[in-house]
Amino acid sequence: MIDVTTPPTPQRNRPLLGAKRVYKANTKHIPVLATLVLLVVMYSVGVYNYDGFGDTQVVLNVFVDNAFLLVVAVGMTYVILTGGIDLSVGAVIALTTTVAATLLEAGWPAGVVLPLALLIGTVLGLGMGCVIHFFKVEPFIATLAGMFLARGLSLLINRNSIPITNDFWTQMAQKRFRFDDGVFISLNVVIAVIVVVLAALVLAWTRFGRNIYAIGGNADSALLMGLPVGRTRIAVYTFSGFCASLGGVLYSFYTSSGYSLHGQGLELDAIAAVVIGGVLLTGGSGYVLGTVLGVLVLGLIQTIITFQGDLNSWWTRIVVGILLFAFIVLQRLVTRKAK
Amino acid sequence: MTNLLRHRLFWPIAVLVVLLASNLVFSNNFFTITLQDGHLYGSLIDILRRSAPLVLVALGMTLVISTGGIDLSVGSVMAISGALACLLIGDLSNPDSTTSVLLVVGAAIALCLVFGLWNGFLVAVLGIQPIIATLILMVAGRGVAQLITDGQILNVHSAPYRVIGAGYFLAVPVSFLIAAAAVALTVALTRRTALGLLLESVGGSPTASRLAGIRARRITIMVYVFAAAFAGVAGLIYSSDVSSADSNAAGNLIELNAILAVVLGGTALTGGRFSIAGSVLGAVIITTLDITAVSVGVPVETTLLFKAIVVIILCLAQSPTFRAKVFGRFATKKAATREAVAA
Amino acid sequence: MVLQMTGIRKVFPGVVALDGVDFRLLPGEIHALMGENGAGKSTLIKVLTGVYDIDGGQIELAGEQVRFTGPLQAQQAGISTVYQEVNLCPNLSVAENIFIGREPRRFGRIHWSEMRKRAHTSLARLDLDIDVSAQLDSYSLAIQQMVAIARATDVGNTKVLILDEPTSSLDASEVEQLFAVMRRLKDENVAILFVSHFLDQVYEIADRMTVLRNGRLIGEYRTAELPQMQLVSKMIGKDLEALEQIEEHAREAPRQETKIIEAKGLGRTGSIAPFDLTIHAGEVVGLAGLLGSGRTELARLLFGADRPDSGELDVDGTPAKFHSPRDAMTKGIAFSSENRRTEGIIGELTVRENIILALQAARGWTRPIPRRRQDELVDKYVKALQIRPADPERLVRDLSGGNQQKVLLARWLITEPRLLIIDEPTRGIDVGAKAEIQRLVAELADGGMAVLFVSAELEEVLRLSHKIEVLRDRRLVEELVNTDDVDADRIMQTIASGTTGATP
Amino acid sequence: GCGGGDDAGSGNGGGGDDKITLGFSQVGAESGWRTANTKSIQESAASAGIDLKFSDAQGKQENQIKAIRNFITQRVDVIAFSPVVESGWSTVLKEAKDAGIPVILTDRAIDDPDTSLYKTFIGSDFVEEGKKAGDWLVKEYNGKTDPVNIVELQGTPGAAPANDRKSGFADVIKADTKFKVVASQTGQFTRTDGKAVMETFLKSQPKIDVLYAHNDDMGLGAIEAIEAAGKKPGTDIKIITVDAVKDGMTALSEGKINFIVECSPLLGPQLMDLVKKVNNGETIPQRVLTEETTFTPEQAKEVLADRKY
């Protein structure tokens, strides 16, 4: 046998490892940092080029106008972190607004409608989660069916857009938190920020949050490690459904209407925001903060386009594409360099 | 019998049969095929003809998905290819000359190849996540198509061009023949060469594939080029069908339908094993579903619900766990034992 | 009796993996589960812990009949398991991997610093001192295996500890640490189920053993009462004498003088210091070193799996630059990774497809290997390496761990390389097949193939190699020609003393 | 909004010259009609010397709200937009009102009861268009008693023009029981879908007398399907469409379409007029209807030559 009585231990505590540690800890944050830096660069370019771009309100407007997207994207972040995807969010927004508007129009009190509206997406999410987990249906397809279902239902309820005149809703819609003359945020922003903070905390500080990462890293291993994979997965889709519904409620505050065509293509915006924010579509890596940055990037691109103001429809698309391209490639190169 | 039930394509085929059968009950003359002006005419022929663009796009999508990627830009590529073709044909001195139309078609497809290379470059060389890499072209590409057509619908009057989407050869729709040829080409390419194996390997495990000496980068680029080329041809069929290029509507949401077709056909979105027959079947199911909704007279408001329900049923039927849970564990267990004994 | 399994039956489509197996585990014993590759050891473990449903039989835990629906339940019932292959989350930190699911909490939230501290202690018990907040996949497979062990042995209420080939990529000293921990747990009355293909280890630690063959129970024995040779014959169903001959054979093989590759100051910062290494045709070069000493990294550089950032590499006397493994392959170099699950097999492809993959990649996609030729090649190696079940159309994923390893080996052998780099090729392979593989390596070397042989099992390296490169601290410290006076002790001394010999 | 008005005025004065800035948010570029509309607005802005800030909402209300909000921050002089949907504008329009920026609606109306939120609406009435189509049909089959089987190609489900054109048409024909809509499906406002749906109609419906399409494009697609089925569009099946884009008018003049209800996209000149008036503080009517008419094949032949879009 090998002489194991003289185990050569000293070389294990290598100084090299210490150096490596600091370095490794950073690599996980690089995508988010890169996004942040590029975002600032993009903003500066905007301020430099356009009058009035530097107004505080321009930045706040990005939040005001994207609060619902932010909420939806947070839910999507959870789903994508487990390696899944949720295509139903846009349609859930439509369904939520339609149901809310219809019930309000029928004279139901806001106190009843609000929880009901929030329940819609939650229940749908729960259903999709169960189908995905118990019957091993691919998330893409399960949620695509959910998308058809939700949009189909809202179309069935009413194909017209329904105005919301309920007092509570109007108040919520017009609630403004003013900081200065002409500098304000809406209630939606406050709600979105709360959701973001809570979601980030849950992800970083709770078992549930860590299980999400584990499943995204390797679902089979997570199962063998004795983690509640099924429960977590179902919870994640339920949460995303809830976020979509909450997004729908914010959307109905934002537009004071319910409509079966609301939120079309929003799922793609949400996915894009999440991915731009550095979350890996294969799961297991990324942060809610990244998602916030991703939403800001999309919002800022749109703001730049509006400030530019002389682009016709197709140039709008092309320029959005080019900005997206420039951003993503730079982000990629920065990240790669840093690694 | 159990073997048949176990076949990967059993459930998609079953759903297709049910869809067709429902037409037998709820709509008139669905299965009549007549000869009209020297070509076949009937709802079944419509299904073949209308499936063509989706089949083409789904073929490309299958290859892309098999490497673990996804291509959202196919719809925009369709729009661009149709737009460019119509623009060029509009400039032809003689739009009825077959050679010039062929040249135009070549040019349009060549442009699509470039777009495919672009996607492949972003994914394979820069290492950008496929969904976001192709999102760029999805957004910008439609803009490019609108730029080409100046936002208008471009009409063309060209007999040879019309043949692609609306013509017949030996009484059979040309678009169907094109799709069939594409299927044959893809099958040959993936199953007669080693491409299929290498694709599945790259999709199954990129790291292991690299260490096995597979040039994953090259293969990945190639796959996006294929997807774009097929999308380009689909775009030509789409625009030729109505002899005009509508850069806004062409290929709208086709990426979703194509992905749906691929997954219904039994290919996993995570990459690896793929089934071309399955994707084709998936595409035909989706087209049949659309046509059935119209011919059975499903109201507009419920069409989406109808689609959702069919998709859900098909997914559940395909899920072995669901079958086991619903039809009882007993049946599957017995079958397994029997099989084991046989082996 | 802590655990009693009776008449266990498990059927996979086409295979009866377990058939009427009885198994008992007493408190405070270490019980080895023995059997060839594919005998059904891992399946028995998975059936026990609820990963698979049972098709027949009963399980009693502490006198009560149980049937778990998943590992979570088993864990809650006091069964702690290290499954074969590393089943951890590569994207999480080491500390999290040890504690996920039972993180220390304070005020309802995870107490990170406490967790790191406890992870550190828990690894220290295995004599491992690494940065626990670094991501798991930044560590080598061996370290990951240690982390998995740490996870399983750090559970409070464990009644049963199951270790499925925990030592497959560990060095002798790590194995010793593990055994120390096992003995301690044993004293605490924990029942331990241990699977290993290293007979020495089994004889060192196990009290009793159960032997399986082809999914059937052969018998239950006291270790002290069953001599090694008898155990082997019970496992494989016939006698084995092959092991002895190789030793003679390999050492006396003539050395050829054509250089195949020559590395001059080749290195990569952060992974391995610049080294010189020459490999001749027909030569078997062994790499020896401790856990994380850089053997794998050295091998990867030679294959172009990682890019060197200093020095140069000559192949056949001309400088070569490998940008990818593919470039190395065109020069006739092959490399089989130690990490078969993530860098080796492609689970959803069949055995046949996995075997021909590298050859096919080398030919390019336009020149498919004709099916008949594929079948010939595959058949040959399925037989030679005793891959079981011998069905080339089975998915590799469904093969037992050892058989997957054989498939990988076959993949590279059919490319007929001039230099074969094999990193832990005998990991998880049973005694019979191991002897077979060793003989094969020796034979190939005789035929002129150069082999770079990396293994955590020093004896194996000694037995096969003509010369041994000793690594320490990711630095090549010495080259030893494998003469009669070289033995394990000598190598361990070299490593420990840190003499800087032939290296720059 | 007095103080706000001053604000806007000073922003204007700060610009140096007295050029009016108009922020215009368009629905998108979803059809030929829409792009013609955009073009008309861009061209007439240029010729009227108005500085146009154009924004494309790509069919999404949220984008439009964002755009309007951005116009407010940029302190444009006048905001005009074609609402994607009817409801849900009160919040953002109130912001505009608070900032003292007048708003003009074009093309589509909004259903907010608070009419002070916008100065005026210029555009067409989709319900009226549907009615006009119905009126023609009633007149065409006046005196006949045989049942008339109608198939309908609807626009995008949920879109206002689709909803209104459907209901306006239905309102008129329901008076007479001989009219029967035997099938109604969406053709998504596109030619290809119009053709596809019509193909199926032709097979599943034993007898079709009339086709009513919510826009020209679907009608044009359907014509192809009808021809492929060996029937004569305009004769075997009577066709009514809405819009009167050039391609539609051509088909009308060839007798393939029987009747087109005009829905003019050329709002530009009228809009610029209103913008100037609003900016000068002149009073203007609450609702300005575009001059729209209907076309029969004969009328189409006359105007076809100088049809721009």
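Chains here go by letter, A, B, C and D, matching the order in which they are written, and residues are numbered from 1 within each.
As a convention for this text, a residue touches a chain if its C-beta (ideal position, glycine included) is under 8 Å from a C-beta of that chain, and two chains touch if they have at least 3 such contacts.
Here is each chain with its UniProt name: A = Sugar ABC transporter permease YjfF; B = ABC transporter permease; C = Sugar ABC transporter ATP-binding protein.
Keep in mind that this is a model prediction, so the values were computed, not measured.
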**Item:** Chain pair showing more contacts of the two, B-C and A-D
**Value:** A-D
**Fill in**
Chain centres from averaged Cα atoms put chain B and chain C apart, in whole Å, by 44
**Request:** Would you mind pulling out the distance in Å between where the CA atoms of chain A average out and where those of chain D do?
**Result:** 35
**Centre-of-Cα separation between chain D and chain B, whole angstrom** = 34
**Message:** Measuring centre to centre with CA averages, how many angstrom lie between chain C and chain D?
**Reply:** 71
**Asked** By residue number and range, which residues of chain A touch two or more other chains?
**Response** 155, 159, 312-314, 316-317
**Message:** Can you list every residue of chain B that touches 2 or more other chains, as numbers and ranges?
**Reply:** 146, 151, 300-301, 303
**Request:** Could you please write down every pair of chains that are in touch?
**Result:** A-B, A-C, A-D, B-C, B-D
**Prompt:** Which bits of chain D are touching chain B when the two form their complex?
**Reply:** 29-32, 34-36, 38-39, 154, 157, 183-186, 188-193, 195-197, 199-201, 203-206, 217, 220-221, 224, 228-230, 247, 309
**Message:** Considering only the defined contacts, which chain B positions touch chain A in the complex?
**Reply:** 72, 122, 126-129, 131-133, 135-137, 139-147, 151, 256, 259-260, 263-264, 268-269, 300-309, 311-312, 315-316, 318-322, 325
**Asked** Which part of chain A faces chain C closely enough to touch in the complex?
**Response** 1-4, 6-9, 11-14, 16-18, 20-21, 24-25, 28, 201, 205-207, 210-211, 213-214, 216-218, 220-228, 284-285
**Complex interface listing, chain B residues touching chain C** = 192-195, 197-198, 200-201, 204-205, 207-215, 219, 272-273, 333, 336-337, 339-340, 343
**Request:** Provide the residue numbers of chain A that touch chain D in the complex, in ascending order.
**Result:** 51-52, 55, 57-58, 61, 64-65, 68, 155, 159-165, 170, 173-174, 251, 254-265, 302-303, 305-307, 309-314, 316-317
